[in-house]
Amino acid sequence: MGLKTFWHKLGSPRWFYGIANPWRVGFGLAAALLLSVGLVWALVYAPPDYQQGNAFRIFYIHVPSAMIAQSIYIGMGVAGLVLFVWRMKLADVAIAACLPVGMTMTALALFSGGVWGKPTWGTWWEWDGRTVSTLVLLFLYIGIYALRQAIMDPELRGKASALLAIVGTINIPIIKYSVDWWATLHQPATFTLTEKPAMPPEMYLPALVMALGLYSFVGYVILQRMQGLVLEREARTSWVRELAG
Amino acid sequence: MPEAIALRGLVCQRAGRDLFAPLDLRVEAGSLVELRGANGSGKSTLLRTLNGVHQQYRGQFTIDPCLFQGHRLGLDELLSPLENLRFAAALHDRQLDEDGAFAALERFGVVRYGLTRMADLSAGQQRRVAMARWYLAALPVWLLDEPFTALDADGQALLTQLMVEHCATGGVIVCATHMPVPIEAKTLLSLAMVA
Amino acid sequence: MWRLLKREIMVMWRATGVIFNPLMFLFLAVMLFAVGAPPSTGGGSAVASYGGAILWILVLLTNLLSLDGLFRRDYDNGMIEQMATAPQPLFMLLLMRISAHWIAVGLLLTLLSPLLGVLLGVSVNALVVVFLTLLIGTPALSFLGATGAALTVSFARSGALLGLLILPLYLPTLIFGATAIHDQVNGVDNPAALYWLAVVSILAIGLGPFACAMGLRISLEMQ
Amino acid sequence: MAFESLPDFLAMGGHALYVWLAYGAFALVLAVNLLAARRLKSRALREIRFQARVDRKETCD
Amino acid sequence: MWRLLKREIMVMWRATGVIFNPLMFLFLAVMLFAVGAPPSTGGGSAVASYGGAILWILVLLTNLLSLDGLFRRDYDNGMIEQMATAPQPLFMLLLMRISAHWIAVGLLLTLLSPLLGVLLGVSVNALVVVFLTLLIGTPALSFLGATGAALTVSFARSGALLGLLILPLYLPTLIFGATAIHDQVNGVDNPAALYWLAVVSILAIGLGPFACAMGLRISLEMQ
Amino acid sequence: MPEAIALRGLVCQRAGRDLFAPLDLRVEAGSLVELRGANGSGKSTLLRTLNGVHQQYRGQFTIDPCLFQGHRLGLDELLSPLENLRFAAALHDRQLDEDGAFAALERFGVVRYGLTRMADLSAGQQRRVAMARWYLAALPVWLLDEPFTALDADGQALLTQLMVEHCATGGVIVCATHMPVPIEAKTLLSLAMVA
């Protein structure tokens, strides 16, 4: 199938619902496999850090969740662009599906970072480059969420949140840059995130597996949500009726 | 001569629901269309659609440049009628001279309030200022939503005459109303609610 | 074009001292800080940069406060509708309006910042930087904020939602502004902050009116 | 294997609180996401079935 | 009576997360301070009391921001008119509404203040005082502020004018609150500030609804 | 029996200016007063004065407890009709049972919108909800400012019938309007503008 026909077919909710199934299952299986391997590896087999000891194991969930939190927001920005340029309804479904997942992942990154900070930095919270940009990310998510809550009309809800997601995505690099810049100026030297001096493979491999696993998991959940939302929106069509039995 | 307004299977929607059966209509220059329908049948929504601010609809339509008057007057309460008229002209990139504004306000009987804040005018007086705005707009199509609201007998007569004149000079008016417009030559467009 | 800008400024005058109020608000907020968290409690050499930063934050909050009214009245009285369907492109009209907002709020507060800085114990040579950063940075505040104001104008009580949408976007502006002051006070010669501030402002001026126009069209559909 | 015994594993070298808090939160977030997505879809299906029944009944009457 | 309070709270829920938004706004403002004027730039031993004072000022500004919407919608849609001529005395209705406002803003922010305090580097034993002063002091903010909101509701863009009217009235509350925190941090045992805070609040609760009712009647005549 | 409304030399003022010549009038229970006058003659101001919210006037008046309906509906756009009716009852310290509210909304043809936000109703539908409010208010005197606005033929008939019923049960209505109320038995009160 050419890229162009794929694009056109994406406009059809029914086609999407069908094609999403195998992908969802694939992501689900990959997530189950990678996460179970990754968890055991991270918790049991990976060596403790020579400075932080076993507190370092938080790394294996902290970094993947932080990465995913950012990826999902950018994904929403792209979906917003698609909604505006091609008026594809599925894009709004994607935004709606990504929102809660991204929000919880950001919260997880913040929480795991805080829990990691207590034994390593000696404090639950420190204003530092990455903490600030993650916090801002959370606020960006909450902003879209609050806006969606406030708008009743589904069509307009989609448009408004798409616009906001685009504006936010344009701003993300600026925010990240400014915050990093600020951090180099203000941050007491003791609080810099560990600059890993060439982490050994037995430490970064499990992180890689966990990250891939979490990405698969997120893919699974988002597709599942999108399917549910498509059903909700297409509730009156005959194919949905047939499918529901 | 192409028509000023053409609707081809136009159906307005609110919250994803169709409001009325598809409309097909061609309106020639110089016509008055009286838009009738029960409360909630979608008259206001149709006018907003034709004006381009409501974008949830099926079907197609074309329309010449138009002036819209909804339930909200589109006049700034903190400015005077004179200033409002001047700003309305500026929006259309035209300059309004004092004489023109004065004559328009005079025609609709509110010239003595020309310098008062809109907020301090009575409901009918505000409507009359709005009429002055239409009069000065120089736009071919007028979309009016219940324009007879709040006008006294004199004001209604002024409005009727304005409408007759506008159509006589080749203008088109679509007028949503619950009160029959006292003009003979008109097209009726009735909206029937979809259950 | 010029007539439109003139009209915007006239309306600002008329509207119960929009010109005058943000200014008074800022004065009062500065007073609150001078009373509640006086610079002297900070102690030491950091006071000067502290005052400048506080001033920046307060200018930012004042801006936010004034944004809620940017489109509210015109939305309620149907004027936005007229603007959205006028032959003049909407983003052009918005460019005028947002510029007027900047003049009435951002520029005015900038002009007053030296006085306020003195009240907050900012040293004289830091005052110049405070003034400069505000001059360069406040356009970003007005132009970024306008999009948020457009998206929230249809809600009854939008004040805090507006803040939620906009404040994250204001962060870079604040950081560059506060950092420039900090550098100056600490004798670091680092013009990068000013350049970045200018970049943010130019981006906001260039893209803001378009995003804002899109936001208003969405809000109009809710009427 | 980085640990000698199960208690050793649970103690996490004195960092038990932090490590298990973080992994607990991780598990919680995964579980919430999984369940919420499931519920969204199954609720949609349930409502569609119900609505279909209502419609069938109405067309019969 | 109870039905009225219930209605007020229901409307607050309905109105675009009025409950939720002031809270978010406060969070964001705290972040701005932490980034723009980090406690460390304040330097020295005063940091702990600095955080508490900043928090107080921000709660005050958040309150102010949320006040503009207190009567606006109901004024525009004619509900205030109905309330003013109802057999239920107006001040009673206002008592309910202002209480709802306090619950949704003052009380909620108070409950969250310990968390925010941590973010601002307030020490744990100072947190208790921050919490206590906010609990006692926030009713004064809602009840004093309501009068200003009533007087300015007829103006189109009242945001900053409101601030101008109210902030001076807020000053004593702020002073007592900040002093109590300052004393505690510096180990001075001085309960007078707390007592005074309570006095201000009680006065505001007692007189506020009456003044507010008078303000609304004046505003109604401007329609 | 004392009269429901009595005006003794009442003159309303705006910005210190008299609006009309002094009014003297006694209105007995069961009457309908039709308030006529050109745009800007002071009808709305008079009604606001009688309602007690406008306090710039000369002369005296007495009035029984009254319900007021101005240009602004007095309904909360964020609440549903049902919630609005319930709140209106609470304002008068009465409890409103579901059945009562349901019946009232049904009578005015808006029961299917009972749970929709007011903001999402059409102009006429909102007016109908306001009529339900009057119907449930149980107040002797009604002050209505242009109550026929935005109503379709059906709505106007419903309103007329409501007014007839209210007067028949001893109520009093003062109705400012530019359209003659289609009821025979009525008192005309005309306001002549003071130049």
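Chains: A, B, C, D, E and F, in written order; residue numbering restarts at 1 for each.
Just so it is clear, contacts are C-beta pairs under 8 Å (C-beta built on N, C-alpha and C of every residue); 3 or more make two chains touch, one makes a residue touch a chain.
It should be emphasised that the depicted structure is a prediction, and the values quoted were computed from it without experimental measurement.
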item: Between chain D and chain E, the fewest steps along chains that touch one another; value: 2
item: Label of the chain whose CA centroid is most distant from the centroid of chain B; value: D
item: Chain-chain pair with the highest tally of contacting C-beta pairs; value: C-E
item: Most distant chain from chain A, judged by the mean position of its C-alpha atoms; value: F
item: Centre distance in Å when chain D and chain F are each reduced to the mean of their C-alpha atoms; value: 56
item: Whole-Å separation of chain centres (CA-atom averages), chain A against chain B; value: 49
item: Rounded Å distance, chain B centre to chain E centre (Cα mean); value: 45
item: Multi-partner residues of chain A (at least 2 other chains); value: 132, 136, 139, 142, 146, 150, 152-153, 179, 182
item: Interface hub residues of chain D, defined as touching at least two other chains; value: none
item: Multi-partner residues of chain F (each touching 2 or more other chains); value: 71, 77-78, 120
item: Partner chain B, residues of chain F touching it in the complex; value: 14-15, 37-40, 44, 71, 109, 120-125, 127-128, 146, 149-156, 178-179
item: Of all residues in chain A, those that touch chain E in their complex; value: 124-125, 127, 132, 135-136, 139, 142, 146, 149-150, 179, 182, 186, 188
item: Residues on chain D engaged by chain A in the complex (per definition of touch); value: 1-3, 9, 12-15, 18-19, 21-23, 25-26, 29-30, 32-34, 36-38, 40-45, 47-49, 51-52
item: Chain A contact footprint on chain C (complex, rising order); value: 147, 151-152, 155, 161, 164-165, 167-169, 171-172, 175-176, 179, 182-183, 196, 200, 203, 207, 211, 214-215, 218, 221-222
item: Chain A contact footprint on chain E (complex, rising order); value: 16-17, 20-21, 24, 27-28, 31, 34-35, 38, 40-41, 118-119
